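So, here's a batch of structures to check.
Two complexes come next, and they have one chain in common, subunit A, joined by subunit B in the first and subunit C in the second.
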Partner chain A sequence: MNDKKSILIYQMAVLLICSTMGSAIVYIPNPISYVAGNAAWISLAFAYAFGMLVLACVLFLHRAYDGRGLLEMSRLLFGKTAAVLIAVLFILMLLFAIPAIVVGINSFFTTIMMKETPSFVFSFLTFFTVAFTVGKGLQVIARMFVLLLVMLIAVTLVILILAIPLYKVKYALPVMPNGVMPVLIGLFTSGGFPYGEIVFFTILLPFSSRHEEGSLSKNMYLSLSVTGIMLVLSSLCTLMVFGPATGIYKFSLYILASEIRVADIIERIESIIGIVLIIGSYMKATIYLFMLNQLFVQLLKLKNDRLLLTPLTGVCVLLSLTMFKGDSDFSQQVYVIWPLFVLTVGCLIVFTMTLLTFLRKGIKNDEDDNGRDPRIESDVQASGG
Partner chain B sequence: MSPYERAWIFFLLAGGMAASDFRIYPKINRKELFIYGLAALPFLYLGFLFMFDLSGLNLTDLLKLVFGKPAMWIGSLMKQS
Partner chain C sequence: MKTTTGEIRESNRMSKHLEDNRKKMEETFAGCGDIEFHPSSFGDNFEYKAVSVFCSTLIKDKTPTFMHDTLNDLFRKNVEEDLSPERVRQFFIKHGASTSISTMLTRYDQAVDCILNGYVVIWFDHWDTAIGYEAFQVAKREVGEPIGEPSVQGPREGTTERLADNIGMIRERLKTPRLKVEYLVAGSVSKTKIAYMYVDQAVKPATLEQFRSRLNGIDPYEVLETSYIEDWIEDSTYSPFPQYMYTERTDFAAASLLDGKIIVLVSNTPMILVCPALFVEFFATSEDYYTRTIFASLIRLLRVWAFIVALLLPSIYIALSTFHPELIPTVLLLAILDTREGIPFPAFFEALVMEIFFELLREAGIRLPRPVGSAVSIVGALVIGQAAIQAKIASPMMVIVVALTGIASFAIPHYNMGIALRVLRFPLMMVSSLLGGFGLMIGFLLTLVHLTSLNTLGEPYMSSLAPLKLRNMRDVFIRAPLSYFLKSPRNRHLHDPRRSNS
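Up next is the complex of A and B:
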C-alpha cells in the first residue's frame, strides 16, 4: 500500500475499537439481556473470545499474503470468479450494515429525543457527514477518530462510575438461572454483532503502515480487549441497575444515565450518552462506507477512488429509508438475520481462507526464514505483486 | 408523507449528489461513465420505491429469502429463553 494512503498501527487499532464498540456499546446490553438475562455478560465474554479467533484469522491472512487485501487474497486462493463472488458477498454485507447503523441513529432520535421529526432528516444529515469524512481520506478519518474515541470511552466510563450508588449486585445473581441455552443464543447474537464484523478488516488492514508491522498484532489484540472489557462492563452495569428489566429498555445505557443524580448538581446527563451513541454510530458508518468504496475501487480497478462515493452514499440513504418496515422488523433483521449473515457468510469465508492458507503452508519445514510460505510468495510474485 | 413530498425529498437528494460530483463529470472517461451509470441504477430503483412508498424487492427481502427459515427458528429459541 502506498505510504501516502497508509495509517499508523495504533490508528488502525483505534479504527478496530471504533468499528466494534462504536454503536454496540449502547445497543448491545438490551438484546443480549433480553435473550440471556443475567448471563448476558457471560455471553459477551465468550463472544469476545470468538472475536479474538476471528481477529487471529484476519491477522494470519494479512501476514501470509504480505499485507494484501481481501480481493487479492481470495483471487490467489480461489481464482478470479470466486474472488468476485466473495467481494459481492462482502458488498452485500456492507450495504446492509451501513444503512442499519444509520437507522439506529434515526430510531434513537425519533423514539427518545425528537419524536415529531421525520427520519429522513437524520439519514440525510448523518450520511452527508459520513460521506464528507470518507471523501477526506483514511488518514484524516484515523486522526479524527482517535480524539472521538477517547471522548467516547471517557464519557462512558464516567457514566458507569457515577452510577455506582445505583448498582445492586443481587440483580446480577444467579448467574445462569435458565441454563446454558440463553448464553448460547446471546453468544450467537453478540458473536455476529459486533465481533463477527471483524472480518471486514481484511479490506482495511492493507492500509496499515508496513514500517512497524511487528506491533500490529499486539495493538489489534489490545484494542479488541478494550472493546471486550467495555461491552462486558456496560452490560454488567445496566444489569446491576435494572435487573430483569434490562432487556425491556431499548437504550438501557441511556436510561441508566437518566437515573444518575449526584448531590442535586449532576443530573439529567442522559443526553451525553446520546452523544456517545451518535459518535459511535457515525464512526462505524464512516469506516464501513470507506470499506465499501474501497471494495468497489479494487473490484472495478478504478483510478479515481472518489468516483462511486456519492452514488454509493445515495444508495445507502435510500436503503436506510426503505429497507426496514418498522421497529420490530429492524430488531429481527439486526439481532437475528444480521448475525446469521455475518457468521455464515463473512466468518465462514475468512475461516475457510485461513484453513486453506494454513494447509498450503504445510509443515513448518517448508517455510522460509521469514516464516512466509514460498508457494504463496511465488503466487504473489506471479501476480505481479 | 405524501408521494409529492417524497418526490421532493428524492429530487433534493439526487440534486445534492449531482452537485457534489459536478467537478468529477468532466474528468471521467467512458468506462467510468458506464460504471457511474450502473451505480446510479439501484439509486433510481430505490428512489422509485421511496417516492411511491412501495414495498418492492429490497436487500432485506433477499436476506429473508436466504436466512428466513433459520432466522425464524432462532427467533423462536429467543422467545423460549
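Up next is the complex of A and C:
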C-alpha cells in the first residue's frame, strides 16, 4: 500500500454493502410492503436491477476518468461552475441523508426500547460516535466495518433461519394482488432508497487502492448482489410471517425477532437484533459523513481534512433535531420525497455524465484508437507528473 | 575545542608510573568500600611492583589471586631469563594470559568500566597498559519455572535475571545464523545492557526499521526494566490496551521470533518484551500448541467468551435490569426481582460497590505475603459472598455477576490485557447505567473504533481481524492442526521474502 489513504478493493466493496444494506435492512421491508403489498419483494428485485445499472454507470465513470472523484469528473465534463453546482447538490443530498439516518436510529430507540429518553440524547451521542469514527480516517472505517458487517449479516441470517417455523407460504400468495402499479411504486421508493444512493460512491471510489490486483467492478457487483439478496430475503420473510400486516409494523425485522421462540431457550432475542441493526445505520451514517466531509475538503481545497468535521457534525445534529416534525412527516420525506430527489437529481446527474462521457469517448475512439479521452489523458499526465 | 578533547584524551591515558595509576584509581573510587587494591612484587629480587584492582562484591571468591597465578605462570615459563618489566610486557603482548578472558586496557575509563563489570585489572611497573581478567560472579536466581506463566504441558524453563543466560536459552532453540542479536547500552549510571533479537527474513523489514528508529535516543535514559523500553517505543501511551507482550518463557520467546517478532531483553530482569503484539495474540498461550487441536481450539473460544464476559457482563446486567426488564425472560426476571427485593441501591451503584470491593481484594491479595494473602481472600469471600447479601447491600444475582466477571478476567492469559479489561469495565458500566442498551452500544463502538485505529510498530493492532485476513484465521479463534501452519506467519522464513512484507 503505497498510498496511505487508500483502502483495499474488498474493503470498498464492503463499504458498498454497508451503505446500501446498512439501514435499509431494518427500514425497507415496511414502507415497500405498505405501498406494494405482497409484491414488495418483486419491487426490491427490480430495484436491485436498477441498482446494478447505477453501479455500472458509477464504475464506468471511475474507469473512464482514471479514478477521479465526482468533483474533478464534473469539472472535466461540464466546466468549473457546473462542477461546483453539482457538488452543492450532492452536499445538500448528504445533508438530508445523514440526519435522516440518525433520526431513524432515534425513532427506533424512542418508539421501542427507551421511550422516556429525549431524542437529542440519541442524536448527540450517535453523531459523536460517527464523527469520532470519521476522524480516524477511511482505513480505520473500512477495517472496522468489515467486522461489523460480518456480524450484521450473520445475525440477520440467524434470525431468518430461526424464524422458519413462523413462515406461512400462503401469506406470500397471490404474488401481485393489485396488478403492476404497486410494484412500480415500490420500485420507485426502493430505487431511490437505498439503490439510487449508489451515486454517492462517485465520491468514495477514488479512495480504492490502485496498486492491487483484482477487479474492482467484480467485487462491487458481487457486494451489491449480497445487498439485493439480503433485502429481498428479509422482505419475503417478513411477508411470510406477518402477511397483510407487514406494511403496518415499523422495524419489521425487529418485530420478527421478537416472535421467535425456540424451545423456551431462545426467546427475547430482539434486543440483540435491534442493536445490531442499529449498527447498520451507524455504518451508513459514518460513510456518508465521510463523503460529505470529503466533498467540502475537495471543494474548498482544504489541507486539513478534519477542519470542517466538527462544524459539519454540529450542523447534522441540529438538522436531525429540527428536520422532521414527527413520524409521519419522516415517512413522507424519507420514503417519498427522498427517493424522488435521489432519482431526479443524483441519478440523473450520473446518468448524464455517463452518457456524455460515453459519447465523447465513442467519437474520440473513431478518431484515434486510443480508448481514452485525450483531454483527460493529458490532464492525468499533468497531474500525475 | 580540539585541544581540550585532546587534553582529556591525554589525561585519560594511563601513566607509565605505577604510583600515578594507583593514585588515579584511588581518586576515582574514593568512598567505594568494596573496591580493593592488592599490591604485589615481581622480578628477580622482587624489585618491581604491580597492583591489582577489583570490586570485591562482583567477582568470584578466588580471583584476587589472579595476579599471583599470572606471575607464577611467568616464572614457570621464564626461569632461565631475568624477569624485567620489559619481559613481562613482551610476554603479555605475545602470549596473552593463560587463564580466563583478558583484555589490554590503555585508558582509565576503560579500566573503570572493567572493574565495575567484574574484572580484575592489574597494573605493572613501567608499563602504561593494564590487563583485565573477567571474573564476574554475582548470586542470581536459578532457572526455574516461570511464575507468571505456568503450564501443564511443555517446557518448564523460565528466564532469569542474567541476560547472557536468557539469550543462550533462546539461541539453543533456534540454531541458525539468521537469529540476530544486537546489543546497546543505555543510561549513564546504570549502563544497562539491552539486547534485541530477531530472525532475519521472518521479521518484516519495515517493522524492524520502525523498531530501530524508535529505540534511537534511549541511550541517556536509565533503563531498569523491560517495561521502560515498552514505554519508550509505544505508539499510544494513553491507550488502555497493551501493544506489546511480556513473557518469561523461552519457548514462547522462540516461537515469537519465528512468528517474525522482535524480542527485547534487558539485563537484570527476566521479562522479555515481544513486539509488536496484536490484539488477537493476547488470547493465545504457548501451551495451545502443545495440546491437541480440538482442545486448544475450545480453550481459545472459551477465552474469547471470557473476554466478552469480563468486559461486558456487569454493564449488560445493569442495562437489562434498569432499562430493559422486558427483554429478560419472565421467569428469570421474577427471580431477579425476588433477589433484589429490599436492596436500597440502584443496580449500578450495587455493581460499582461490588466491583470496587473485588478490585480491592485482588490488589491486596497480590501485594501481601502468601500466608496472609489467603486470609484476605477468605475474609473477602465471606464478606462479599455472605455478609453483603445478608446485610442487603448486594443481591445474590449481583454477586454471581461480579464473581463471574472476576473469574473471566483471570482466564485471559496475559496479565496486561486483563488490566485493560478492568479499566474499561467501569466506563461501560457507567454509560449502560445512564443510557441502557444504547449507551452500551455507543461504548462498544467507541472501544472498537479505538482498537481499530491503534497501531503497534506500524502494524494495525486488530490485524487479522481488521483488516480481516481469512487465511490467518486458522490461528485466532481456533488453533488449526499444526500441519496447516506451513503457510502461516510462523513459517514466514520459508516463504518468498518479497511477499512477506505485504
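As a convention for this text, the second predicted complex is superposed on the first by the 361 of 385 C-alpha atoms of A that agree within 3 Å, B and C clash if a C-alpha of one lies under 4 Å from a C-alpha of the other, contacts with A are read in each partner's own complex, and residues count from 1 in each chain.
Throughout what follows, contacts are C-beta pairs under 8 Å (C-beta built on N, C-alpha and C of every residue); 3 or more make two chains touch, one makes a residue touch a chain.
Remember, predicted model here, so these are calculated numbers, not experimental data.
Enquirer: Looking at the superposed three-chain arrangement on subunit A, would you call subunit B and subunit C a clash or a fit?
Expert: fit
Enquirer: Touching A:F188, do we find subunit B (first), subunit C (second), both, or neither?
Expert: It touches subunit B, and subunit C stays clear.
Enquirer: Angle subunit B-subunit A-subunit C between C-alpha centres, in steps of 10 degrees?
Expert: 90
Enquirer: Just subunit B (first), just subunit C (second), both, or neither: which does A:L300 touch?
Expert: first
Enquirer: Classify the contacts of A:Q11 with the two partner chains as first (subunit B alone), second (subunit C alone), both, or neither.
Expert: second
Enquirer: One more residue to check, A:F120. First (subunit B), second (subunit C), both or neither?
Expert: So A:F120 only meets subunit B here.
Enquirer: Scan A:L340 for contacts with subunit B and subunit C and give back first, second, both or neither.
Expert: Only subunit B is touched by A:L340; subunit C is not.
Enquirer: Who touches more of subunit A, subunit B or subunit C?
Expert: Looking at subunit B versus subunit C, the one contacting more residues of subunit A is B.
Enquirer: Could you say whether A:L308 touches subunit B, subunit C, both of them, or neither, answering first, second, both or neither?
Expert: first
Enquirer: According to the stated criteria, A:F324 is in contact with first (subunit B), second (subunit C), both, or neither; which is it?
Expert: In the superposition, A:F324 contacts subunit B only.
Enquirer: Tell me which partner A:R143 touches in the superposition: subunit B (first), subunit C (second), both or neither.
Expert: second
Enquirer: By how many Å are the closest C-alpha atoms of subunit B and subunit C apart after the superposition?
Expert: 16
Enquirer: Common interface residues of subunit A with subunit B and subunit C?
Expert: Touching subunit B and subunit C on subunit A: residues 128.
Enquirer: Please name which positions on subunit B make contact with subunit A in the complex.
Expert: Subunit B residues touching subunit A: 1, 9, 13-14, 16-17, 20-21, 24, 27-28, 32, 35-36, 39-40, 42-43, 46-47, 49-50, 55, 58-60, 62-64, 67, 70-71, 74-75, 77-78, 81.
Enquirer: Quick one: which bits of subunit C touch subunit A in the complex? Just the residue numbers, please.
Expert: 323-324, 327-329, 435-442, 445-446, 448-449, 452-453, 460, 462, 465-468
Enquirer: Using the touch rule from the top, collect the residues of subunit A that touch subunit C in their complex.
Expert: 8, 11, 109, 113-114, 117, 121-122, 125-126, 128-129, 132-133, 136-137, 140, 142-144, 146-148, 150, 267-268, 270-271, 274-275, 278-279, 282
Enquirer: In the complex of these two chains, what residues of subunit A are touching subunit B?
Expert: 34-37, 92, 95-96, 118, 120, 124, 128, 178, 181-182, 185, 188, 296, 300, 302-304, 306-308, 310-315, 317-319, 321-325, 329, 332-333, 336-337, 340-341, 344
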